[in-house]
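Let me give you the structure first, and then I'll get to my questions.
Every chain is named by a letter (A, B, C and D) in the order it is written, and numbering of its residues begins at 1.
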């Protein structure tokens, strides 16, 4: 008679919403591992049809309150791509600046409040503050600095209002930017300290080779720039996304998940980005990475926390450099007239590649929309990691196993609440 | 000279005692030497909750303390009625025009109160009680929702026993124990046998005051000798905030007590 | 500064640290993220309130009852509905946070459309879904004690409501227009001075007149003000301007009855 | 027409300066301890703010207010930005949102802090209607006794202006210390109106004004008065509005009125405020006083109900207050004819038009 142990997590706080995990162990051998997303669908792509092309940044930002900038940036680049418009360097630099804000804010949140507590054995960053108040306060300050950039450039940290197709509604003043620079100067040390601090965590030694996919640019660490490349040779223009990748829909999940045609799973996110772009990261961040012993391309998902810290430092440096070199654009935005056609936009959300594709009519109405968020691209890779972790830890008691599985999911920071915990872990010993 | 904004500063003072009047009404005794006239109000602050106007309900000539009787209807009154002896409240005032105390001397007086409306009239009655010789005959007509909602019951018993006053009480809804009158307060005018030369003082819901004033006019009272106390939203009490305007009037400093000759036109216009 | 020391009164704050839980329904997570975005006040909040069920932030999840329950998101599945009824049972005060929970959110755009058709536009296998025809606010199903508007809620406003609930104060949630905040802030009226369509006059205050301060018209993310006279407002604009006004009404608060009705008069 | 124009008197000095000199006036004021509030150009609108020097961007442009619309237009010779922009001195006398006091618990004590009183201010380039408004507003919010007002008379008017009929402009009336008048190609006639003004003027350089120059300035102001297209018969309005609470005009305005409160926010005499107590989670209590409006539902709310619920009643209250009941309360009209409420109403509701309809209704009754 065979013995079945089912590991079931009924309510993963959420993965870009609500998700769950189910794993079967039959006679000590790992069977199926399913990481499902059951957040109810919100039909954004359908709602976008019939709206003005200029509405895309405001509407799509509501897909995710955690990385609205990414949605706004991917959508405006896609729309400008359809209409054949280039906003020019000064506006582009401001877009990079607001994106730096999102990196700092999002990574600081993930590192300090969500992920480190796993490594140190706390239930939350807030609980950690009881023993490590200064550390948590440092994290909150860092996060606040990132949010401050978004507030100044975007109006508010969640669903900012200042981003539009063609640029911005209002330009920041020199005084606004000087204020940010003061904050960023302080944040520099905090970000550097963060890299040192996370590199001393007890990082599990798990490696699982996976194909990394990210935007990649010869000159700059990418936000919206460059081509889509992979660690196994993909090198395509953003417009070719659908030729190389495909989205699949399975019953257990309300999210479509993406695979490389005929090849399958891949991973996006900080580790992928760093693997493909480490040569163009800010020198300070590169040095910090080296000191932390971080090697680009090492497929240990648990190292992602260090990469996030390195990227935070990079974003602080980059933001300072942008402010330093800032030449105000002539106008806050350039006019964009609708042109019938199809356009593509991709940007590197803190959690990885975010691809948008729109078809618009000559009158500016959106005819079709396709949005591929990072989490759905990582879904198979997360499952594979979980398998790996399970196999290596099957002998562990349930509580410990649950802990390490949650930690493995948080490596992807798929969205904050999903990255937090498993609500229920059921072990069915058959 | 204090700047305008400084006039909003409250004085912080101790609550000496509290007394529960009904299930939702409490009288606070507050340490204060500030003199006031019956019918005037103070702005009371519950720290961190807010401020609201509350009439004086105590004796105008007892030095060192104020009384304020508060019915719990919302956030601020909730906090004020929960206050314990020894706690502090913020207080500023007194504000507004009170009852025409000088004119009352030598006159017959009819006092008509609905619900918490008895609170601002209590200082008048306490003054009459202390000095019965100075006034004519007084009739006190009180309306309450139910017997449980009758305020100042021990006062009413005492006043009822006094020869200077006739006290009539009615309720909207009686219970088994109630043997008195049931119905609106204007029903009490008949038994009270009002002298048309009386001065009338009214306080209660606007609709009650309108009916009572109409009946009093029918009994032959002079509209200049019928006084009502108005209630409007008030946030400053000193004519800065504008909330209490009623047509041309600032209720906070031109009221709350006004003669019916002034109030009638204003109360007739809907949504003024 | 003039300083005066007086003896302290009972401050209304309860003796016991009240407990709080956060519940998520269909939403973007932005409103609950506002709690974590209150960086400078976060530790003060967690000291004043015991947050014992907040999956987005902590894996410590204690069972109810809770003194305060924050509900984010709209009801879109029958499972949501069951859960919301349970949540109501467990919470002393139920506070909704944001446009989704208050009016159904952007996903209420589906209320006027056929869900199966929408699903087919997005997913290859729409039959896998089990969703309700409409996206509805919490108040459609249960009693709600306080509704905080906004897509997303204003971070300071949210903390203020928590403070007000603790102190027994009336939360400052104005229902008047955004225009008042616009003038208080001293920003230029984009409608009068630039001819831009702006929903500020019919939208409820609370954001601090954010959009006009960034030189754009309000798009209504805080939902309807107490008076919504869209017929008069939209008469000021040409066809394109009217379309912008209508799009605003049919966005993040499309399910709010006053906006639903108003959109018919543009 | 008597413009209540006061010609420079013997004891007063009059000078003619050109805009660069205005900078030395600002410096002079600063050196006398005033913080200076004056017009500047921001986001395409003339607004008031603290200034350290005169904003030269104003030279040659003017506000062009129309019902529900404001644009900036080129205007040769203009120095102070033309007819009023959205802000008046009210913003500076009683700022829109400020702390009355804060209270902080410490142990078993509560410490109360009140804001430090501000120092004297000089208001520069203020239009005559606004100077009149300051006097009216001063009945409620007196401002600082040492504040100094430097008025700039109007030599061109906006479409929404009707100060002339309200007796508040375009010539400077009472309440100013120094009077400036634009004339010619950006020349400015400077005259003192008070002892303090005279003292300052004595420290200013500039050519003494000639009779011709004074006359030229006077005639420009007179011409401005003539060119005004809107008016209200203030006496008739006072009577009419008081007698017509049931007029159908109120309901017809309510069809268009958004109840957005812009009119009351921009009005230089509307003084209504709300007082609110809040406490943060550390227990620090603040009492704030903030601009409010009779167009909001909370304004007339008492526990359990709103007195003025309909938009018609809210508009009636406002217009009647401005033109009628203000007289009962303060002995003047509450309106100075600056026209802001017409300009900044997003749908251009016009108090002159509505008042005149009511006046006509009374006349025909």
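Here is the rule we go by: contacts are C-beta pairs under 8 Å (C-beta built on N, C-alpha and C of every residue); 3 or more make two chains touch, one makes a residue touch a chain.
What you are looking at is a predicted structure, and each value in this text was computed from that prediction instead of being measured.
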**OP:** Please state whether B-C or C-D has more C-beta contact pairs across its interface.
**Re:** C-D
Subject >> Distance from chain C to chain B - Cα centre to Cα centre, in angstrom >> reply: 41
Subject >> Cα-centroid distance, chain A relative to chain D, in whole angstrom >> reply: 52
**OP:** With chain centres taken as the means of their Cα atoms, state the distance from chain C to chain D in Å.
**Re:** 37
Original post:
If you average the CA atoms of chain A and of chain B, how many Å lie between those two points?
Top reply: 65
**OP:** Mark out which residues of chain B touch at least two other chains, giving numbers and ranges.
**Re:** 12, 47-50, 74, 88
Original post:
Mind pulling the chain D residues that touch 2 or more other chains?
Top reply: 110, 112, 114-115, 276-277, 279, 283, 292
Subject >> Interface hub residues of chain C, defined as touching at least two other chains >> reply: 4, 6-9, 11, 167, 169, 215
**OP:** Assign the assembly's chain-to-chain touch graph to one of these shapes: line, ring, star, complete, other.
**Re:** other
Original post:
If you go through all the chains, which pairs of them touch?
Top reply: A-C, B-C, B-D, C-D
Original post:
Along chain B, where are the residues that touch chain D in the complex?
Top reply: 3-6, 8-9, 12, 45, 47-51, 73-74, 77, 88, 231-233, 235-236, 239-243, 245, 247-250, 269-272
Subject >> Of chain B, residues touching chain C in the complex >> reply: 12, 14, 46-50, 74-76, 78-79, 82-84, 87-89
Original post:
What does chain C use to touch chain D in their complex?
Top reply: 1-9, 11, 13, 41, 44-45, 47-48, 159-160, 162-164, 166-167, 169, 172, 174-177, 179-180, 183-189, 191-195, 198, 200-202, 215, 225-227, 229, 232-233, 235-236
Original post:
Mind pulling up the chain A residues that touch chain C in the complex?
Top reply: 13-14, 17-18, 39-47, 49, 51-52, 55, 58-59, 62-66, 68, 109, 113-114, 123-127, 129, 133, 136-137, 140-141, 143-144, 147, 155-159, 161-162, 164, 169-170, 248-249, 251, 254, 256, 332, 406, 415-417, 420-423
Subject >> Contact set on chain C toward chain B in their complex >> reply: 4, 6-12, 167-170
